Each structure stands twice: as C-alpha cells, then as structure tokens.
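Structures given as structure tokens follow.
In the two complexes below, subunit A is the common chain; its partner is subunit B in one and subunit C in the other.
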Partner chain A sequence: MTLTIDIDGTETEVAPGTTVLEAVRAIGGYVPTLCFDERLDAFGACRVCMVGIEGLTVPVAACTTLCRDGMRVDTRDETALRVAAATVELVLSELPGPPAQHTELAVVANALGVDGGELRWPGEQHEHVHDERHPYLALQHELCISCGRCVRACDEVQGAFALTATGRGFGSNIAAGLDEGFRESACVSCGACADTCPTDAITELTLLALDSEEASGAL
Partner chain B sequence: MSRNLVALIRRHHEQGAPTALEVLKIALEDHGEITDDDRRLASERSGLPEAAVHGVSTFYDDLLAPRGRRHVRVCTGTACFAATAGDHVTALSEGLGCALGARSDDGEVSLAETVCLGFCHSSPAVRDGETIDAGAGVVERVLAGTTSAAAEPTPLSVLDLPVLLAPAHDWIGLRYAVSTRGPESLLEEIKAAEVRGRGGAGFPAGAKWEFARRAEGERKFIVANGDEGDPGSYIDKLLMEDHPSLLLEGMALAGYAVGADHGFVLTRSEYPHSKPELELAATTARAAGILGPAVLGSRFSFDVTILEGAGSYVVGEETALLACIEGLRGTVSSRPPFPAQRGLYGMPTVVNNVETLCNIPMIARDGAQAYRELSPASATSGTKLVCFNERFRRPGVYEVCFGTTMGELCLELAGGLVDGHEIKALQIGGPLGGLLPGWKLDTPFDFEALATEGCMLGHGSIVAFDETTDMRALAVHLLHFGAAESCGKCFPCRIGLRRAHEMFLGTTPVRRDCLEALLETLELGSLCAHGGGMPAPIRSLLAHFPEELGLT
Partner chain C sequence: MRFDRSVTTTCGYCGVGCRLEAHAADGRVATIAPALDGPANHGHTCLKGRFAHQFSRKRDRLTAPLIRGEDGALRSAPWDEAIALITSELTRIRDSRGPDAIAGLASSRATNEDCYVMQRLMRAAIGTHNIDNCSRVCHSPTSWALRQSLGLSGATGGFDDIEAADAAIIIGANPTEAHPVVGARIKQATLRGLKLVTIDPRRIELADYGVLHLSPRPGTNAAVMLGLAHVIARDGLTDELFLKQRTKGWAALEDLLADYTPGEVSRITGIRAADLERSAHIYAEATNASILWGLGVTEHRYGSEVVRLICNIALMCGKVGRPGSALLPLRGQNNVQGSSDMGALPDTFTGYQSVGDEDVAQRFEARWGVTMKRTGGLKIPEMFDAAVAGELKAMYIFGEDVAQTDPNTTHVIAALESLEFLVCQDIFENETTKYADVILPASSFLEKQGTFTNAERRIQRVEAAIEPPGEARTDFDILTTISKALGHDMGFASPAEVMDEVAQLTPDWAGVSHDRVARGGLQWPVAADGTDSPLLYAERFELPGGRARLAALPYKPPGSEASDEYPMILVTGRRLEHYNAGTMTRRTGNLELLASDWLELHPDDAERLWIGDGDLVSVRSASGRIELEARVTVRIEPGHVFTAFHFPEIRTNLLIGSSADVNTACPEYKVVAVDVRPVAEEASRTPAITGARRD
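Up next, the complex of A and B:
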C-alpha cells in the first residue's frame, strides 16, 4: 500500500511511515533544517522545517509529521516560512557573531533570507568557553545551538554515549562525560559529532592547524 | 527520547535498580550537593551512561540549588506574586543575608526559589527545612526561626453527594469491575461518560485508554501525572494527600480496562507529603488485598510505584513526565509516537492527570449516565475541582459544576476579594492560560466558553489580581517563569521566552510589532504547550491592559 500526497503541486507516492520531510527531499524539494540529520532519528527541536498543510490552520514541522493519504503540502506557505525565519533570527541572536559561511546554519539563514543585520530580539548571548583539551576535537560552547545532533550521533551512530545535553532553557548546552572534556570521557574520537555539528561548536582540529598553532606557541 | 538510553536503563529497571535521578536525589539529601562520585555511582546503579547522568544533574532545580545547613525555599508562584508583588522574596533575601539561588559564605544558610508550594490560599509561602509556613508574618517567622506548618482550608463541594471530595472512600467501582464486568465493558462505560482530561488539554480519557488497550506491547503501564506544576494550583495536592486511595482506585480501574498490571505516580518534590501519603494508602490497600497479585480476589493483578520529581514545570508534559520517571532529563519528545503506542520504557502507557483518574471510580460505580448529569448547565460531563488564591475572602479547593459563571465562583463561592479589593483580572488554569479581565465575570467556567475569551479551563486554578497589580510587572513575573522553566529542547521556546522576558525587564518601551511577531513564533513554532501557551496571558495583557505595558 502506498500513500499519494501532493507537494507544491507535484503528486508523489510514498510508503506509510514516511515523513513529510523525507517525501519533499525524495522529489528533490527543499525544506530548511537545523536539527535534522538523515543518519539520526528525527528530533523536532529546531522548528525550522515548518511547512503548510492544506486543512490545518497552523504550520507543522516536516521532520516529525507523517504523510497521510491525500495530504497537500505547501513548502512555500507564508506563515510557515515566517515562523522558520523568525526562529533562525532567534538563533543568530544567541551567537556572538554571524555564523561561518561554510556552516549549515549560514546556509539555512541565507535560504530563509535572514541576514543577521538588525535583529528584532537582541539579548543575552552564550558565554565564551573553549575546550581544547582533546588533540583532535575542539568545543566552542558559545556556538552551541542545542540542536542535539552531536549527542544523538554519539548515541545512535557510534554508541559511545560520551555526550549529553546540559542545563535547561536558554542555558542549555552540551558536555562530554562529566563535563571533563572529550579526552576523559567515553569518547572514541570518531568525529561523528564534529561531522554533524551545524555551527562549528564542535570541530576537528586539523593537523595543519595544530602545526601552525604549535609553531606560534599557542598550544 | 533516545531509544538506546531507554533500552539501557530498562534492563536495570527490570532488575529493580533505582533510576539515576533517584540516586542523585538521595546523594543530595545525604550531603547537600552532588559530586562527580555521586554521578558515577548513579551511572553504575541505573545503567545510564555517565554523560547522560551529568545531563540529568544539570536539569532539575532541586539538584542545582546549593544547600546550606539550613535550606530555605521561597515560593515565587503567581499567587505569591499577587499577594506581595515579590516583596517577600526581597525581604527574605535581605533578612537572611543570602541572595536568591545562593548559599551564605559560611555555609549556614541557602535560599532557593521554588514554584510553587501549593499554599496559594495563604500566600506568601516559604519552606524552611521541612516546614512549610505561609501567610502574613511568614518572613518575620523565618528570620526569627519560629516557623510552623501552615494550616490548610477545609475543601467544600457544591454537590449533596460529592464525587471528588467524598468524605469516605469505598472501592465499590473496582470491586464491581473486577468481579462482574469485563475490561471492554468498563472501557465502553468510560468512553460513554465522555471524561475529558483534567490536566489542561481536555483530551477524552476513554480514547486514550482505547489506543493503549489496542496497542501491542509485552507490558503496559498506567501513569498518574501528579506533577501539578501550575503556580496557583493545589488541586492534585489535595487529592494525593487527602484522597490517595481514590487515585489508586482510578489507576487500578485504568489498568483493568487497558490491560496494564503496574502504575506509577509522579509526585512533586514541592509537595513533600504527597509521596508518603500515597505510599501509606498503597501499603494499606495491599494489606487489604486490593492491590497486588490478585486484586480483590480476582485474576487481575495491579500494583503501583510512587516516585517524586525534582523541580521542573515542563515535566508535567506527558513525554517529559515519562522521561523523569525513567530518571532522564525532563525534556519534551515530539509525537508520534504517542505514549499510548510507545511510552514508559518503550511500552504502551496511559498518562492521565491525577484528577482525571479520581473521576473514574464514580463512573465505574454509578455509570456513565449519572456522571454525565453531574453538571446540568453544561455539555461537559462530571464535576471539576477549582482552587482560589489568597486574594479571595474564602480561598480553598471547591468541587463545582461546569457551566457555573466565573462571577458565581469568585463572588459567591469564594466571597470576592479581601478588604474590599476589586478583581482586576483572573488567571485561570495556570501560567499558560489567558487573563480574564474583571469586567467579564459573566463568562461560564467551561472549556469552550473560556477559550472564546482567549482563556482556558486548564487545571482549574483561579488566581485573582487586584487593582494594585502592576500589569507590566505581571508580564515580567510570567515570562521569568516561562523562560526559567523552558526545557530547552525546541528553539522558539528556548530562546524566544528568554527574549520576551528581556523585552519587559527594566523600563525600556516594548515595541508592540516585535513583541507580537515573537509571540506568533512561540505560538506556532514551539514543540509543546509551554512555549505555545506562554504567549496567551501576554496576548490578554495586550488586549485588555495595553496602556500599562509601556508599549511603543
């Protein structure tokens, strides 16, 4: 049995259990995401993948909404895009500066037309805390947007359970082990966390960078 | 919620191991703080990886507040705000020489914020060690070291034969169900009774039960949500502490109808008497052959476990509640899967509010028809407990009929406000409920009628603000709570509530267009009712008291 759904005027057939986001991507469509990684279970945290559904008065998160037969999805729904853009604007307001251009966050902000110029809701930013105790993995806590991708990659891809979300509300962040850094934790240095991070909060220190830092006496 | 983590801890749970949260709470009670050794022990005993234990230990209020030899917790709930505008917090902090959330340098005393102690009838309330004192002069008594346990008002039912506040409890509904009627027949009776959930969302309880009954699972569970976090509400507190066996009967009936042999109650640490009272009632019921392997001599087996939370409002949301029972961080999970499909330890689970479950015994005993007729002026079945704050002349818990007007409740039953004060506005049903201005008291107390006014029935608390309340200060109070209690999972709530709070702090004019755009983002973007609902009272303030908000 398959379900027939309509995405922006294009009819497509999907298997039961398919999410709206999977269906959109399967036909080559685009819905921005921040907490989604196709290697991991959908999480539903970032609320950036909002889409309109005919018959519903409010937009829904595409990553956690299952397709229903006859569903009509509008990825250009004005309200959905307005909420998604506002959410990304909130994310930019918690960071110390504009995201590096190569990051997923920068790509999504560009796609939603959020330039990070004048923010409607400026306010407190995250404390600048760098953890470079591990030889290959660096943590910049002020860049963490609590998308949970690193924690889930460590859990679902590697099974190391070395990472956790910490705190709550605006104070949420991440930690390795008992906040003792990657090296003392159950981390196996697989790099899955750095690979999935959408903001450079976790990065792999390249040998080149290490060389240059050593040369300049920074290490 | 991580399926892998749940699988890890489930094996330990089945062997009778405590959860990580339980181990951390014991450590805190023992030596006043949580060390890395405590975290390692919690990890070892519960099966939860060390990092995840660290995450738990940084989530719950109780685990974070530093404790001195004397630990004082001051209630900053909405009823306490309505009573003093926050002056009691300042006075206590200055008098103790200890900042809020801090411990004195000599380690003698610590002062923590708590929301809420459920003494809204006698605000302000303070917990000094194990003693909860409340009412006029409480700050002076704390400072003089002469606190004593505050009294609680006698509850009252408007019915000749109270349903939820019956003075004596029989187990007739359960006895009848397990002896002569099958689970399907009981389920049909509950569906026919049209019981709507009393926790806030109003979802039909029978439908929830049916999903769980039809779901596949090697075991099924019943969970009573006793995490009554709404500031201003002390309804479930009364039920858990004064009518615990009524709740246990409701849970057993749910278990019988659904096919579950075990139930959990999650109580609040802010209500220190709830867990002991429920445990005593469960022990008594076991001794009488009512709970245990053969309920009332039948082939139905049902028992309960009572657990206590550790300070988090969002744990009242059902997926976060299940995470807390499992000893994990109390964050919200997206649905589907619904708890009825995959709930506690991955098993089909019914999560019902305490009061909802307390409605079940009467239906099992007297039938759906009698239950539907309890509120003659309304299409809603059954009765509702409401509670009033200290601003009223006769605060307390009352059992009332749906469809009664807010005026009848506030002016006749609760006697209007003290000292000739006027009702400026009411907040009904908790912090996610809109504000009903004092000139709209003809609104009926019912799900749909209140929704029309941008309000909600919620869990039934009624907090009055009198004419002296500064509405911008109220916005700051509400948004402080909202931001502090955000679980931090979804972005709109995690960042947006902080920003909304920041907008109202100080005296800078608030740009109305920016505020409304932020409220829309919260309403439409948030994952759960916390971020989605916190804008409701702010919308009410914008609608009814815009001139007091300092807008531009």
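Up next, the complex of A and C:
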C-alpha cells in the first residue's frame, strides 16, 4: 500500500510511515532543518522545518509529521517560512557573532533570508567558553544552540552516552560527562558529535587551526 | 573554500570498511568525515578512521629510498640506485640459488591492486610461489574453514544482518574496541532488542549489553561450540529439512556430539552448563540469528577447526543464506579479505584458484607469458624457518612489521639476520626495517588509488586525498617498476587496469571494474554483467553437489597450557585507540589518549601475587619476557591476564611461542602460558630479546 501526497503541486507516492520531510527530500525538494540528522530519530525540537498543510490552520514540523493519503504540502507556505525565519533569528540573536559560513546554521539562515543584519530582538549573548583539553575535539559552548544533535548522536549512533544537555532557557548547553570534558567522560572519541554539530559548538582542533590561518591570511 | 581537495575513500584501519570523506588543505589531510551513504558505516566512523591521519605527514615518514652501507648505517639514495641494487641482488640470488630462495610478503593494509602486482612480481618476475600476506597470522583459519564448510572464503552476508537478526552470538571478538563502528551497530541493535550472547575469556564491553556472557578458558572454544551443538541436537532444535537437503556429514557429527554433554563441556571450559543450554536455545529458537567471530577464534592451535564447528551450528539450525542469519567473521585489517582474494598466498592465485590446478595455472601462464610450478610455496612461518635453515636467502617485505607483530620474535629476528638480502617497503622505519638492506618509501592509504575489500566481501574504492611525501611513491608504482627492471613488464598504466586483469583471470571477480565499484561497492562474487552477491548460499553452497559439509571434529587441548612454572594464561588483543603495530596510531593524537599498554589482572590474582594496581610486573613465557604496568580489573577471569601488542617498547609478541593452527599455520597468539610477578625495584623497560630464560 502506498500513500499519494502532493508537494508544491507535484504528486508523489510514499510508503506509510514516511515523514513529510523524507517525502520532500525524496523528490529533491528543500525544507530547512536544524535539529534533524538522518542518522538520528526525528526530534522535532527546532521548529525550523515548518511547512504548510492544506486544511490545517498552523504550520507543522516536517520532520515529525507523517504523510497521510491525499495530503497537500506547501513548503513555501508564507506563515511557515515566517515562523522558521523568526526562530532562526532568535537562535542567532544569542550567539556572539554571525555563524561561520561552512556551518549548517549559516546555510539555513541564508536559505531563510536571515542575513545576520539588524536584529529585531537583540538581547543577551553567550560568553566565550572553550574547552580544548581533548587531542582532537574542541567545545565552544557559546555556539551551542541546544539542538540536541550531539547528545543524540552520542546515544543513538555510537552508544557512548557521554554527552548531556544541561541548563534551562538561555543557560541551556551541552556537557561532556558531568562537565569534566571529553577525556574524563565516557567519550570514546568517535567524533560523531562534531560531525553532526550544525554550529561548530563541537568541532575539531585542526579545523579551528585551519580556519584561523585562513582568517589571518585574509587580513 | 576551506579545502583544496575532497575525495570519498575507504578507511585503511580495520576490516569494517568505513567510507570516508577526506578533505585536504595545503597538501595535508585537514579533516575526515564519515560518508553518509557508506554501506558498512552508515555515516559513522571511529577515532582511528576519523582522527588518526596525522601520521601521514609526520617528520619521520620515509621520504627517500635508504640503502644500508658496508658500515651498517642507512643512507639516502636515489630511486635508480635502489632499484638497480634490488634488481642485481634478487637476480644474483635467483640465478645462484633458484627462485625459491626468495620470498615476498604482500600487505593486508595495501590495496587489492598493490597485492595483485606484488604476487605477480613474485610469481612472474621472480618465479616463485613464496608469497604470503599477514592474513596468515589472523584470519587464514577462517578463510580455510569457510571454504571447507561452505565453499567460499568470506562472510555469508554483511553487517546489515546485525540489524536484521533477532539474536546473535559473538565469540572471540571485542568489536567496540577492535571494530568500533560494527561494535556501535551491535550495541545499538541490542538497545533495540537484539538478544546477544557474548563468548570471550574477558568480559568485553558488549557483554554488558547482552543477555548472557560466557567466559570459557582460553583455547576451549571447540568444546563450547560442540556443547552448543549438543544442546541444539538434544533438544530437537535442528532444522531437519535443511540438514537433509543442503548438508552432508550429519550422521558422523551427530555421533560425535553425544559426548559433549553440558556437564562435560562445563568441565572442559569452565562455563556453567545452564548458561550453555540457554545460549543454544537463544540462538536456535530465534527466527533469524547470526554468529560473529574474530581472532579470539582463529589465533589458536585448532582455530580453523573451531570455525568449522561454528559453521556446523549455523547449518544445523538452517541459519545461513537469508537476511539476519549470517556467519560474519570480523576481519582484522582493512584489506585482509582482499589481500588473500588477490592471490597473495603461496597456494592460490586470485579468487582462491589453486596453483596446482592445470587449467588455472595455464590461464595465468598465458596471460603473464611465464611458466610456473604446480606446487605451492612457503607460508610466513615456514619462510622464517627456511631463512634460519639457510635455504631462503632474500625477502621482499611490503607493509608488514614482522619483527613486532609476528610470534616468536626472537626466531623472526634470527631469520631476518640470516638473510643475504632484505627489502622493506613501508611508510616508516620499524622493527623489521632494522634488518633491511634497502628500504623503499611507500604510500599510505590516503595517498593512493585502488580498492579495499572489507569483511563483507565488499570491494570499495580508495582515492588519494594527498600526494606521497617527498620522494615516496605509490606501491603500485614501486612494484611495477621493480618488476619491469627484473625483466617482467606488467604493462599496467593504472590500478584500474590491474583490476581489469583480475576480472579477466578470476571467475568470481568477472564483472569487477573500478567504474562499476563506484560509490556503493560490489560484494563478490560479481558476475560478468556486474551483478554482485550481498547474500551467499540462499539456494546452494559452492561445493560439489551444492551441499555444505558438516565437520565432526573433536575438542583438543590448546598448544600451550598452564603449568607449575607458567601458571597463568595470557590472551592478547587490541585497544580502541591503537591499531596493530601502532606504526600509524602511535604517531597521532591517539597516543595522548592512550600512551602505553598494560596487563589486565583479576583482583584475586593481584592479591595472591602481591601486585597492586599500577605496579610494574614481569611477564615470562617459555619464549621471552616483558615488563609492563598491571591494572586490576574484574573484566578478566582469575588465572588469565590480557594485554595488547601496540607498543614496541613492550613487545608483547616476545612471549608468543611457535604453536600454530594445524591447518593454516596461524599463530596461537591467544593462549600463552606465562608467569606473572611484581618487579620490585625500578627496572629497565627494555625488552629482553636475547635474554629469554632457557631451561
């Protein structure tokens, strides 16, 4: 049995259990995402993959919404895009600077037209807190947007359960173990967290060195 | 742009075969990420594949050929001079002593194409079947046994069978350390409901995620397998139709199994009878169940027989040839499957075609324009014996540090010292190159092009992210150049052309080409039209009559047993952070994560021997003695000790004797009787190479 759905005017058949996001990607469409990683179970936390569904009054998250037969999906729905853009704008407003161009966050911000110019809701920004005690992995806590991807990659891909989401609200962040750093935690240094991080909150020391070389070379 | 060059390639560490996206900047690897579409790794990799790449530009990389002068010192030399010397020496020895006075080793770390040209160099340019590779010392028993029992030398399925299975048995493998990405996949599968039974002398990490852990005495795997089979037969859990239609030898096996009651097996192995019975039921009653094993099965005196006994269990339950019911050997090195597939073995050409088969031999002779003997050459341990006996005069060792990784190190060194001429082709100087007359600077997996074949029989592409450093060359370039200098021009312009020749000469690889391997890889056998084989034996086994062969092989005690003088049993293995001889990982940040080996010891033994956690201890076997730090842990059973072999300053393999598998000569690394005692004073950590006690 398959379901027939319509995405932006294109009819497509999907298997039951397919999410709207999977259906959109299967036909080569684009919906921005932040907390989504195909290696992990859908999380539905970031509210950036918003799409319009005919018959619903509010947009829904494409990553956690299952396709229904006859569903009509609008990935260019005005309300959905406005909500997503505002969400990303709020995320950016907490960061100490614009996201590095190679990051997923920058790609999503560009796609939603959030160019990092004048912020509508300026407020408190995260202080630099760096942890470079591991030979390969660097934590840059000020870049954490609490998408939960690293924590879930550690649990669902590697199974080391070394990372934890900590704090609440503006103070939300991540910690390796009980915040004693990667080496003292249950970390097995697989790097799945750095691989999935959309902001460089967890990245590699060699890449930081490369980026700073590049930055100084550009001066 | 952050990077100058980005390639999708295949990891050069273990046999899992993770697909990697390697990015380079300024001629160095900048970062490595997992390929999301990697069939074995599903967008994941471990700290070796992802991070341990800085070795590739370490200052002590070999960047020019080195020739040993009259004074014994090495000096840099131009390539022309090194090649001329190799050519003249090998020609002199061949002409005076015959081609069988020369032997070569291919590398399970190198590509299929490298291994193919290496065996062709030895067979066609030199004229000897004295070619082997390091799978001899790890999974040769698996290769041999799978061919005997089922027909083909490879896993019956792939890693996707882990998720498709309802139950699994892991025996003699520690995947979360030695095959970390498969280890993670198994762990995730257990969290989703896979019923896992782990069988290992050590309580490995996955034991904490399984339903049952059995700790047999080292060297008693055969009894465990026979016991499981006994319970399966006794409790009517066999697949009668499968046994009748698809196997041979059941009557003899059934008779043999009668002796291996749980009580008897418990006496031999030390595991509880009830645990044995429960394990047999978990495996046999599952709709689909797989068995995975590693070197803890093979590196024994009867390792090859145990692999056959593992096959028995799967065959008795009809759990072969469908998704989720697979036999999955966890191959040790990245290309241990491929190096053997490529004929870098003394008795077979590519695809395990016997050198004694007239039709096969003629096909190769016609292609290469040479004539060859119909009898096989020397296996690795036999090469060392022949060298010590003065019959073998020259060796060409490519990508293997035999003086650190092979057993009975003292004997290996004596063999290397006996040679008139030794060529080493490697990326770093190592324990073996100390005895070399010429050292050729080769390339790592990040610097060359070709294919690796992983533990799933999957042929995958390898692409160069960076260039070889300095004057170093690709192994393909070096080996074909030397072959030409010896008068045998292979005529290959690229590794892709090597694969084309393999396809033409090898029925199981008939449809393989670099273009077809592409991104997704191909699992051999590959038909001429390019159809590959993710699953083997769905309908027939690759043996006469299409039937699998059950093996009625009794338990026999291991080659080394605890005695009054050597009362403990040493088991060796790998640590997560390092890889084999450590040549690569010790030159990366992984050394910061794990700086040395240690000896694992049970608290009861520690107390009895007055050894505290962190104390320096002496470990002595009949073959040698080493010193290292002790760590007290309940993960090991009383009477057993464990260490790895990654550090030359500890040199674990000094302890290993020459006991080996009866069918394949794979060394018995996993059972060594030793004496452990504290070292009272601050002692030297220099290993005692010649100071081994003689009784």
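Assume the second predicted complex is superposed on the first by the 206 of 219 C-alpha atoms of A that agree within 3 Å, B and C clash if a C-alpha of one lies under 4 Å from a C-alpha of the other, contacts with A are read in each partner's own complex, and residues count from 1 in each chain.
Rule of thumb we're sticking to: a contact is a pair of C-beta atoms (placed from the backbone, for glycine too) under 8 Å apart; a residue touches a chain by one contact, two chains touch by 3 or more.
Computed from a prediction, not measured in an experiment: that's the story for all the values here.
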item: Which superposed partner A:V114 touches (first subunit B, second subunit C, both, neither); value: neither
item: First (subunit B), second (subunit C), both or neither touched by A:R39; value: second
item: Touching partner for A:L66 - first (subunit B), second (subunit C), both, neither; value: first
item: Which superposed partner A:G171 touches (first subunit B, second subunit C, both, neither); value: first
item: Which partner reaches more residues of subunit A (counting touched residues only), subunit B or subunit C; value: B
item: First (subunit B), second (subunit C), both or neither touched by A:V14; value: neither
item: Touching partner for A:G159 - first (subunit B), second (subunit C), both, neither; value: both
item: Shared subunit A contacts, counted only where both subunit B and subunit C touch the same residue; value: 156, 159
item: Residue ranges of subunit C touching subunit A (in the complex, touch as defined); value: 2, 25, 30-31, 33-34, 36, 42-47, 50-51, 176, 180, 184, 187-188, 191, 576-577, 589-590, 592-593
item: Residue numbers on subunit A that touch subunit B, as the complex places them; value: 34, 41-48, 50, 58-59, 61, 64, 66, 79, 82-84, 86-87, 90-91, 93-94, 120-121, 123-124, 145-146, 148, 152, 155-156, 159, 161-172, 175-179, 185-186
item: Of all residues in subunit B, those that touch subunit A in their complex; value: 2-5, 36, 39-40, 49-55, 58-59, 312, 329, 331, 333-336, 483-492, 494-499, 502-503, 511, 514, 517-518, 520-521, 524-527
item: Touch list for subunit A against partner subunit C, complex; value: 38-39, 102, 135-136, 156-159, 183, 188-192, 195, 204, 206-207, 210-211, 214
